[in-house]
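Structures follow.
One chain, subunit A, links the two complexes that follow: it is found with subunit B in the first and with subunit C in the second.
What follows is the complex of A and B.
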């Protein structure tokens, strides 16, 4: 089956891109491994920040529901859920495995919005049952209504670590401590103060030393770190926990982009290897677009905007909209994106995107 | 998170597992590096790291950092291993069905894409 656009990943970026393209007359297929569209939004029970037109004050699950309903109501979009993309081939086809077996779909263009994977860290006992990624804890609690345990050590104080700690407490699970290797808290102050008001200690310059237990986690030892991130002997504290939750960061998931031969570059500010792409979210392989965490670790509001830019650019590339209308609309979206990224909290990602811009411009100039 | 040399030595002694899918320890990885492995592809072939159910999504960065440390290079210069289809392990039955169902002359229906086997 051939589509004009194949979107891989049905999260905020992929759904926004699919919608924008379909609204401009592009025939779209969305492939997503989960049974329900929405990506990470399906478990985000917290409210969003930013602008009201961009979902501020609305819970992530509700944003996901709105996007999903819009996609399902859109006649130009074919949805393949419960379907995994196994491989990208140079004839512009994608091998997919879904409920009806294996098949290949081809696309005139592709949007890879494959999201991110969680980072793992090394410590003795890190393979014991009871050691979870923060995403898994959120899925268990917010999607399935299952508590992961009775008492948690949270590793990492970025927004995910803070939000999941708060949600654990809401679910009646104790959070003994949040440890953070850096000298400062990683996430937004508003999340950190909510967590602190609940009496959860956030220990900066601390890390997990080891997990204890035979068959599963029965406890954890944390310790203080010196300036070179070395554990300081004598500062160990034992915590009575049965869950160790790792919120130690995300890295872009680019397996299919590598397969497709897209040029990639390492940008630490964006979480690792990311594709090189232009202001229309198009990579150096013409017709292959990216958006969302796969293009650089950020958050859902910017992911949705980048998805829209990509969807619009696909429509323009396929000749569905005149160039001037595309540029007009793209510039509006680009301004909105720049405004969302203008705050001091976005300085890191700004540096990351500047690196990519510089690379693209360098190549154009040569 | 960066780990100091002392801490990583301690982790090695404690038999810490880096690749959870294939149960490969830090000690085994360091031994392979000491014996001359310089790339993630080599580690993969020697130890099967990153070849299990998660296809290296959990251990790839940890391995890259270990290599970078030993080679005295930044992690940015440690290239990931080659990515090939399928992106996740699939059942052998599925592969055989694909071959059975492939129309004559449609080599593209095999996993390898261009080649028929």
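What follows is the complex of A and C.
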């Protein structure tokens, strides 16, 4: 089958892009590995920040439900769920494997909204059952209603570590501590205060030294770190936990982009290797667009806006909307995106995106 | 150091522990005339993040409209009636309502509370400070469940007056919700 746009990844970025394109007359296919569209939104039970007019105050699960319903109601969109994208081929085709076996779909354009994967950290015992990524803990609790254990050490105080700690407590699981290697909490202060008043200590300049246990996690030792992030002997503390939850950051999932021959660059502020793309989210391979965490680790509100910009740009590229209308609407979205990223806590991602802009401008100039 | 906010750890800061400092809290403390008047919202929002639902939730225009989505909320104390709409709306669960005029000995505190089972009216609950330490007991005055099951419930608690600016979380005795910590 040939589509005008093939979207890989049915999370906030991919669904927003698919909708925006389809609303402008583009025939879209969405490929997603999960049975249910929504990506990480299906387990995000916290209320979103941002503008009220753009869904702030609404829980991620509800935002996911609204996006999903809008996509399913859209006649221009074909949905392949439970379907893995196995590989991208130079004839603009994608090999997919789904419930009805392996097949090939082609696209005039592609939007890779493949998201991110969690980072693992090194410590003795990190291969024991009971050491989880925060995403898995959230899936167990919020999708399947299963408690991961009775008592948890959370490693990492970014928004994910803080939010999952809160949700563990909502599920009746104890959180002994949140350890953070940096001298400051990584996530929003409101999330930190929310878990702190539940009695969960947040220990900055601390990390896990080792996990204990024979068959599975039976405890953990944490310690204080010096200025060079080395553990300080003598500061060890043993914690009675059966779960160690790692919320130590994300890195963009770019495998298909590498395979498609898209130019990639290493931007630490965006979580690792990211594609080089312009203000329309188009990579240096014409017709291949990116959005969401695959384009730089950020969060769902900005991912949705980037997805919309990509979907709109696809519609313009395919001649579905006139150039001036595209630019008008794109500029509105770009202004909203810039405003969301203009706060003091976004300085890191701003630096990251400036690096990419500089690369793009440098190449255009040469 | 003991003060209006209880026993806040001195060396820690909002960004190192999650516990706001006295200076942080002083900046959002309603003026004496507002506190004497009746219930009033206390916006414990100290960090510029892109977020504006409180201003939208306030039907009285007491929380000023944001010119930049990253602004900190600004409240007009003369317009705030302490209705509690913003408490349920705040995505960061950072807003409370305090009524120090409830009775000579007791105050009312409205707190966002996203734990089940929800307490019932007249039930005794345990009160915790911003560090999660048990600081006393309160009695549930009202429970506002909100429009649907995704809304943030708001629990109004009668508490000793000294806890008006100290208690910021609640739990049921031998609660399921507070196991372990």
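We take it that the second predicted complex is superposed on the first by the 366 of 366 C-alpha atoms of A that agree within 3 Å, B and C clash if a C-alpha of one lies under 4 Å from a C-alpha of the other, contacts with A are read in each partner's own complex, and residues count from 1 in each chain.
Basically, contacts are C-beta pairs under 8 Å (C-beta built on N, C-alpha and C of every residue); 3 or more make two chains touch, one makes a residue touch a chain.
What you see is a predicted model, and the numbers here were worked out from it, not measured in a lab.
Student: Does the subunit A-based superposition show subunit B and subunit C clashing or fitting?
Tutor: Taken together on subunit A, subunit C would fit alongside subunit B, as the superposition shows.
Student: With the two complexes superposed on chain A, say which partner A:319 touches: subunit B (first), subunit C (second), both, or neither.
Tutor: neither
Student: Centred on subunit A, what angle do subunit B and subunit C make, from Cα centres, as a multiple of 10°?
Tutor: 140
Student: Tell me the contact category for A:87 with respect to subunit B and subunit C: first, second, both or neither.
Tutor: first
Student: Taking the superposition on A as described, I'd like to know which of subunit B and subunit C A:256 touches: first, second, both or neither.
Tutor: In the superposition, A:256 contacts subunit B only.
Student: Classify the contacts of A:362 with the two partner chains as first (subunit B alone), second (subunit C alone), both, or neither.
Tutor: In the superposed model, A:362 contacts neither subunit B nor subunit C.
Student: For A:273, decide between first (touching subunit B), second (touching subunit C), both and neither.
Tutor: So A:273 only meets subunit B here.
Student: Quick one: is A:185 in contact with subunit B, with subunit C, with both, or with neither? Answer first, second, both or neither.
Tutor: second
Student: Quick check on the superposed pair: does A:233 touch subunit B, subunit C, both, or neither? Answer first, second, both or neither.
Tutor: After superposition on chain A, A:233 lies in contact with neither partner.
Student: When the two structures are overlaid on chain A, which partner does A:75 contact: first (subunit B), second (subunit C), both, or neither?
Tutor: Neither partner.
Student: Once the shared chain is lined up, is A:117 touching subunit B (first), subunit C (second), both, or neither of them?
Tutor: first
Student: After the superposition, pull out the minimum Cα separation from subunit B to subunit C in whole angstrom, please.
Tutor: Closest C-alpha pair between subunit B and subunit C: 18 Å.
Student: If we count contacts the way the header does, which residues on subunit B are in touch with subunit A in the complex?
Tutor: 1-4, 6-8, 11, 14-18, 20, 26, 55, 57-59, 61-62, 75-77, 80, 82-88, 90, 94, 97-98, 108-109, 111, 113-114
Student: Going by the contact rule at the top, pick out the subunit A residues touching subunit B in the complex.
Tutor: Touching subunit B from subunit A are residues 84-91, 93, 95, 97, 101-102, 104, 117, 119-124, 126-127, 181, 207, 210, 228-231, 248, 251, 253, 255-256, 258-259, 266, 268, 272-273.
Student: Sort out for me which residues of subunit A touch subunit C in the complex.
Tutor: 46-53, 56-59, 61-62, 150-151, 169-170, 172-176, 183-185, 188-200, 202, 204, 301, 339-340, 342-346
Student: Which bits of subunit C are touching subunit A when the two form their complex?
Tutor: Within the complex, subunit C touches subunit A at residues 14-20, 44-53, 55-57, 68-70, 89-94, 114-116, 128-133, 150, 152, 168-169, 176-181.
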